[in-house]
Amino acid sequence: MLNKLFSLLKMNQNQKEHYKQRIFDTIFEANTPKGKLFDICLLFLILISVGLVVLESVPTINARYHTILITLEWILTILFTIEYILRIISVKNPIRYIFSFYGIIDLLSILPFYIALVFPAGKFLANIRILRLLRVFRIFGLTRFTHGKNVLVLGLKESRDKIVVFLSFIILIVVVIGSVMYMIERNHPESGFTSIPISIYWAVVTLTTVGYGDVAPVTGFGQFLASVVMVIGYGIIAVPTGIVSMEINKASNSKEQIPHNTEVCPNCGDDYHLDGSKYCKTCGNELNPRYY
Amino acid sequence: MLNKLFSLLKMNQNQKEHYKQRIFDTIFEANTPKGKLFDICLLFLILISVGLVVLESVPTINARYHTILITLEWILTILFTIEYILRIISVKNPIRYIFSFYGIIDLLSILPFYIALVFPAGKFLANIRILRLLRVFRIFGLTRFTHGKNVLVLGLKESRDKIVVFLSFIILIVVVIGSVMYMIERNHPESGFTSIPISIYWAVVTLTTVGYGDVAPVTGFGQFLASVVMVIGYGIIAVPTGIVSMEINKASNSKEQIPHNTEVCPNCGDDYHLDGSKYCKTCGNELNPRYY
Amino acid sequence: MLNKLFSLLKMNQNQKEHYKQRIFDTIFEANTPKGKLFDICLLFLILISVGLVVLESVPTINARYHTILITLEWILTILFTIEYILRIISVKNPIRYIFSFYGIIDLLSILPFYIALVFPAGKFLANIRILRLLRVFRIFGLTRFTHGKNVLVLGLKESRDKIVVFLSFIILIVVVIGSVMYMIERNHPESGFTSIPISIYWAVVTLTTVGYGDVAPVTGFGQFLASVVMVIGYGIIAVPTGIVSMEINKASNSKEQIPHNTEVCPNCGDDYHLDGSKYCKTCGNELNPRYY
Amino acid sequence: MLNKLFSLLKMNQNQKEHYKQRIFDTIFEANTPKGKLFDICLLFLILISVGLVVLESVPTINARYHTILITLEWILTILFTIEYILRIISVKNPIRYIFSFYGIIDLLSILPFYIALVFPAGKFLANIRILRLLRVFRIFGLTRFTHGKNVLVLGLKESRDKIVVFLSFIILIVVVIGSVMYMIERNHPESGFTSIPISIYWAVVTLTTVGYGDVAPVTGFGQFLASVVMVIGYGIIAVPTGIVSMEINKASNSKEQIPHNTEVCPNCGDDYHLDGSKYCKTCGNELNPRYY
């Protein structure tokens, strides 16, 4: 792979374009056989690297297998770095890719390693590597496997407006309830209501029915008010459920499931186009539907 | 702004009426350009002042930035006081406004400050200022942004009857369960069931699946009964969800979304009228739909 | 009232029957003006007496107001006793009433008081009086107010079969999960998994998302399994919601809301008959629909 | 029963086949009178044996009634062993049965007892016997009682695809949230976020609204992020509910409830066939629908 990269540097323009296209087809496309293989390999590497970060955080495991974990981390980071460089080379508009969502994720998943190499003090950044996991979404976005997901995403998208209104309503309620509870319980520090932000945190923990119990009212009136909040929350929990249920129902009933393909724009990397699209819907660049 | 107020006092009746109308249009109306700007400024000021109350309650922040917080609080309270006075002046029926829901909220959000100034002992009332947050609802009520909310509100309104029956049923259940658990666990003070009210609090915490764990059964029979309560609560949680789902569905399906505008009554300040209303639905005063 | 009772004893058969009928109409019927008044008074007395039991259980309140609470309790118990005797006298078939659900509740709500009077050791039974609260259901069952409830009750009734299957499924799952967790966590007594029943209790607390935290896994494998249980429970919680939603929807859509009245059988006291019923559906006794 | 077994060994081929058939009809079939009786007896024995395992785990009960529990356990294990042997003898294809799901469960529910007899060290395996409970599912699978369940199972099956997508999405979210919280709270060991796996466990406990409180954020930023996670989880909980609701609705509406009987294949023991099936859908063996 490194050989290919070096030979790429010595080639003439035409050959370069040819190789760029072939790399692009492998890395970005999901419908070519090579693209599929590449995606599956990448998926495994990402999951392994995430597993490494997780295992490294367990003191007992890290103490025993430190060398193995570090070595594997080295190998994976180098592989991801090569992949990142190939992506920049093969895309027509590298700046656009670098500052796209996945471009930043790709960078964040290799950068902390090199920073920690130069500045040992930057070691605490190492866990940012876990963001590699978000790259999994790209792979799944590229496969046709996600038909079931589309109904979900559509359902959520349709109910976004109502959910925003609902959430801002929840925030208002939670701030008011938190402040009132703080006024009631502030003289009982054992209750944990030591400031309004903590009380708001309690209100969220209670309204969502999580209920850790690290903050809990101890006065009779506080407990009465908390009970009222819970019973109301009980009714409130029904609202988003009702909205999402309705939207999923609608999305599932609607016959007009918009058909789309996973054709990737060679310029900006956008991978969600309507069937038969000739130009990228994001940057206007021509798509190359040779493989269809 | 204060200049305007003073010049207002020296003017003749006709000029006064003109200025009153202009102030009214700015403060109460949401459809005029000035009204929109005023609402956005007010929204920011309210959110900042709520932020101040929240930050003040955090001991470490209050210790460090006490002077800044107090100064900002002074400025905001004076601005809100001016706004309150202008509202009283410009409305045709000030008594009606003062004793309306938002009139009381407006007063409560500035009064504690002045009380604490005169009686330092009244300082503990300062947190009532958090009720300023409720004024946000007025601003949102004045914009057409809340289309999504209407379906919610309609859905909740429609299911109010059933929710009332459901809640009174829950209260009955919770009192009976709480009393029974108190009888079982009363001899084990480490369980926390020290009185029937506390046991009812436990029953609410459990039935709503919040589950703090500050009160929890320790006897075998108590734990068995608690398990039964939980499993039943599991089925009960489905009831309000089902009701609200159904009502949201109905409200969303019904074509007859009643169209309304945000025209504000210059007499009482009511701001929810049907399109084409000529007279206020609350006090009968003529509306002035000049701006449409 | 006591006067009426005594004079009743001295009257001839015909007069007796007449008074019995009048008492019956007042106590059992809900549609006569007297019946309505009686029901509202009874409702208040029941709520006050339940409040007394609740307040008595709070140590600080009981210490201060013991005499008042006891005196009120005396008065209320005597009133309930008179009501109980009048019910037995006025009903045609007293045995049937005494052993009916509400007959037993009526007895249980006065008996503990007299037992504690004779055997002071029976004082711990006093809290059974809280069952008086169940009498509230009778009053609500007699009013036409409960139209909204009927949809609920119908919805629950329709889905009873599915809920039974669901609950037995939950019990099986909970026993298996509890036993497996006990095997994993038994060597870590600080986790609280000290026996299989406690582990089953934990499984119920977790699956219903109550989550007290008094019993919680401490081993890595235990926590992993608990996570799996929770995520599965997440999906399971959707099942009863779905069922009840569907049934409420059906019950609400069906036009054939069976009309019924609150005519009470003078023999057995059953109060749920179809409109136009001439004979009690439970004991076959003739109903007297004079008041319609 | 043992007599029958011994006489079976001495009979000629024809007689053997006849007895095998009769045993098969009793043990495997659920529609013959003998089969029904056998199933009910087996159900009781299983529930008793599960009760024994549960009671044995309670230290106080085990200390007092150890001898009784052990004796009953002996008797039940021997009965289950006889049943297991009869099942192997009467089925045409014993290998298939032994390695089927229920075959393994049947073995696991008797094996630990004999292992503990030979190797006392294997006593800790004794609790595997609790898996006997899973045999209850076979009995219920054989009765027509489970009509209500079918709608459930169909509903769950239909929404399996979407639930898989949803669960993998949850896993991704939970790993990312857990890692981020670990980075924030790692310097506060009292919070309990000691490694990424524990933090993922916390994320699951929080997102599912279980909320034990054994791991809970203590820093301000951690609590803010936890609040965001909870509020989002609040919206997410609506998704599976919506999906399952929809599918239950569909399954309940669809008229084409596939009719099936409980005819058991005499070769492999599969017991779920379409009405009128002549050959086993799993192994192709001829079914014998004599009893219909």
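By letter and in written order, the chains are A, B, C and D; residue numbering begins at 1 in each of them.
The working rule: contacts are C-beta pairs under 8 Å (C-beta built on N, C-alpha and C of every residue); 3 or more make two chains touch, one makes a residue touch a chain.
The chain list, named the UniProt way, goes like this: A, B, C, D = Ion transporter.
As the structure is a computational prediction, the values presented were derived from the model and not from experiment.
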| remark: Comparing which residue numbers subunit B and subunit C contribute to their contact, where sharing over half means same and under half means different, the two sides are different
| query | Pick from A-D, A-C or B-D: which interface has over half of its contact pairs in common with A-B? | reply | A-D
| said: Averaging over Cα atoms per chain, report the distance between subunit A and subunit C in Å. | reply: 50
| field | Centroid distance [mean C-alpha coordinates] between subunit D and subunit C, Å | value | 35
| query | Of all residues in subunit A, which are in touch with two or more distinct other chains? | reply | 197, 200, 209-213, 237, 241, 243, 245-246, 249
| field | Of subunit A, residues touching subunit C in the complex | value | 209-213, 241, 245
| query | Once bound in the complex, which stretches of subunit D touch subunit A? | reply | 161-162, 164-166, 169, 172, 175-176, 179-180, 182-183, 194-197, 200, 206, 209-213, 216, 220, 223-224, 226-227, 230-231, 233-235, 237-239, 241-243, 245-246, 249
| query | Which part of subunit C faces subunit B closely enough to touch in the complex? | reply | 50, 53-54, 57-59, 124, 127-128, 130-131, 133-134, 136-137, 146-149, 151-152, 155-156, 163, 167, 170, 197-198, 200-201, 204-205, 208-214, 237, 240-249, 252
